[in-house]
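Every chain is named by a letter (A, B, C and D) in the order it is written, and numbering of its residues begins at 1.
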Amino acid sequence: MIRHAKLIAAKDLRIEVSAKVLTAQILPFGLLVLVLFGFGIPPDRRVLGTDDEASRSLLEQASPGLFWLAILFSALLAINRSFAIESVDGNLDALRLAGFDPAGVFLGKSLAVASELVVLEVIVGIGAFLLYGPPLGDPLLLGSTVLLTTGAMAFAGTLYGALGAGSRLRDTLVPLLVLPVLAPVLLAATRATESSLFEGSSSGWGWVGFLGAFCLLYLGAGILSFGSLLEET
Amino acid sequence: MTTEMSPESEATQPPRHAGGSESPMFSSTASKVTSVLGWMSIVAIGALLTLGLLISPPEVSQGESVRLFYIHVPSAIVCLYIAFSITLVGSIIYLRNQSVFWDLVAGASAEVGVLFLAFTLATGMLWGKPTWGTYWTWDPRLTSTAVSFILYLGYLAVRRLDMDPVARSRRAAVLGIVSFANLIIIRFSVQWWRSLHQGATIDPRDTQLDDSMLASFFLGLVAMTLTFAWLVVHRFRVAWLEHQLEASQLETAIAERTAAAGPSTGLAPGGA
Amino acid sequence: MLGVKWPISFIAVSDPVVRLRGVVSLIGRFPALAGTDLVVEQGEVVLLQGPNGAGKSTLLRLCAGMAPIHTGHGEAFGFDLTTRAGQREVRRRVGLLGHATSLYDDLTVEENVRFWSSAAAIGRGRDGTSSSGGASGSDAARADEAMTRLGVGERLRSVKVARLSAGQRRRAAIAVVVARRPLLWLLDEPHAGLDADGRDLIDELVRQAAEQGATAIVASHELDRVDALATRVLSVVGGQVSA
Amino acid sequence: MGWEFVIPGYLIVFGSLGTYAVALLRRGRKLAAQLPEEKRRFLD
């Protein structure tokens, strides 16, 4: 299973390096979303109030949520791409014929998506710091949040991406399936990031625990169910 | 009021959807059991309308809008606790033994469940306007219900995918199980989210109810459950008939193809 | 995992590679195969001919453990084709060349062939589930050898598949099958889209495979070409096989 | 006060229930008519 996973992940990443869809299309899309949020929420608008927190600009206060929304939308593209490369020329069929362990395919594809997400998060994250200007409170909490959110999005995204694989409706179906599932992840990631940036680590670790549990749940669900999802006979 | 629900009075009613009461046992998706069930739900709904809209008094602080409570909470209980649990169980059994029966039960229950979920949302919002002054508040229950609604719309979309029926059923079954886990995750996370951020909002659901209001609520629960059961049975039967029809069309297709090819010759290896 | 019990009259001297009896196989809701019987012995080269839509492709996929059996019995290499475990065992032993080439556009020819051949190597394990043609070296060596046999030169190997012509793409796909070193070759119109040279190459591959004790089932419209190779010609009509 | 929300609420719920129920029954009858009697058994 692990060897199959490695093979699949290496293959997906090599395709990514060669086709440059991530860097040439998904990444600019993510950054563009960040800029567009700035149009939606005027950057000089401030929340009325006297205490420190309320005197931050609205955009700065909302920055964790906006960052994760940008990542979420970009993740949808990455997930879609991950299954698009398999459905052009009957490759999903060939993966089955070649005797790949379905759990290995799941792990490999999620690992590839996760690596792409990390690249996205780092660059879009730098963009968010520059554009929205929040302080950096607790890097350790922020780091674990990013890591576990990446895992949650990659595992759940790959599982749901496979649900639509092989169907002509995949492009539109997968977002409908994935978004409600990732809604709690968005919530948890936003809260944890907020607390890491603005408050220091008080309540953030609880949400990190939630993200970890979500990761494990979908890791298990994917490994167990991928055989049923991929097999067409 | 609840004496109206005694089964004896209903059992004597004529069958509701009997197409020619004697010979064909199933001229439609109705049967004796379901017509009894159907009559019981109609009576229960009638009783609910009478008690809930006419007899019971308005609530002290909420006024008349408390009456939405009698359908809002029961439909939420029916879809979230009954309907999607049936989908979960059906999906698990299907994955274990590929029983078409349970696949169709899971699908039927989810479809009717989504309908009740829509009722929950609609009545919840209509109730919010007079009580909270706005159609939408980020009340944890309302919010998680909305997300769950999309979640199960996705499930129904997968059931309608145009692909190999067996593969589709298997995908739907996986989704039916994972969706139930999601239901819990969404509920839990949204609740945690709201409770951390601001204190619990004043919950009109905790208001004092007098006896006739309480009776209306329980009547609503009975009426919604009965109606749900009736709908699920019929939805399942429609799906079952569709399945039967497809199966018989398939048999015809196989027979036609077999006949067109002529008698099959037994094939012993020729060369080698 | 020794599949179904067969009546005495069905048991040949040596166990056949493929044995189908009364198989109905569905594509969606269409019975592509309707009551198919087929027995193929080891070392045979069977040519399937028949009109479009007759079920040839489904029959090949079925033998590869890639199509469902609705009713009937089927086994290959003694493994039950109606069970998922049996199908998995069968897949490890076959090479299927279908209509799709199953290559990744953004990888080079070499990367593609290597990926698919190393995938097969992991699935294969230690129990001789592939024909013993040549020294069974590393994955890379197998891939190299396969590309050489298909006449995929050094220059072509480092070209992205997306830039190949249809015929070159086809050759790369065949190289993937060759690199698997299958015990059962299932070729679906292998000559389509190839130049004269490539067609001869296909014939040569099939001949060599048969010489080494492998079995081949070939669906082709090029009758005269395969006729010379085939030990048996069968026609597939309306989802059934006849002599 | 509040009837303007209660009435639409009840109308939406029971209106949709009725429509859905009728639609189901019609679909069932149409399907049943297409099938021979021995196939019209539900696993009752």
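Note that a residue touches a chain if its C-beta (ideal position, glycine included) is under 8 Å from a C-beta of that chain, and two chains touch if they have at least 3 such contacts.
Quick caveat, the model's predicted, so the values are computed rather than measured.
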{"item": "Chain-chain pair with the highest tally of contacting C-beta pairs", "value": "B-D"}
{"item": "Gap in Å, rounded to a whole number, between the CA centres of subunit D and subunit B", "value": "12"}
{"item": "Whole-Å separation of chain centres (CA-atom averages), subunit A against subunit C", "value": "39"}
{"item": "Centre-of-Cα separation between subunit B and subunit A, whole angstrom", "value": "33"}
{"item": "Centre distance in Å when subunit C and subunit D are each reduced to the mean of their C-alpha atoms", "value": "52"}
{"item": "Touching two or more other chains - residues of subunit A", "value": "231-233"}
{"item": "Residues within subunit C bordering two or more other chains", "value": "68"}
{"item": "Residue numbers of subunit B (touch at least two other chains)", "value": "163-164, 166"}
{"item": "Every chain pair in contact, whichever chains are involved", "value": "A-B, A-C, B-C, B-D"}
{"item": "Residues of subunit D defined as touching subunit B within the complex", "value": "1-3, 5-6, 8-10, 12-14, 16-17, 20-21, 24-25, 27-29, 31-37, 39-44"}
{"item": "Subunit B - residues contacting subunit C, complex", "value": "163-166, 246, 249-250, 253-254, 257-258, 260-262, 264-272"}
{"item": "Complex contact set, residues of subunit B against subunit A", "value": "95, 147-148, 150-151, 153-154, 157-158, 161-164, 166-167, 170-171, 173-175, 178, 181-182, 185-186, 188-190, 192-193, 196"}
{"item": "For the subunit A and subunit B complex, residues of the former touching the latter", "value": "159, 163-164, 166-169, 173, 176-177, 179-181, 183-184, 187-188, 191, 203, 206, 210, 214, 217, 221, 225, 228-229, 231-233"}
{"item": "Complex contacts: residues of subunit C adjacent to subunit B", "value": "12, 16, 24, 26-31, 34-44, 68, 230-232, 234, 237-243"}
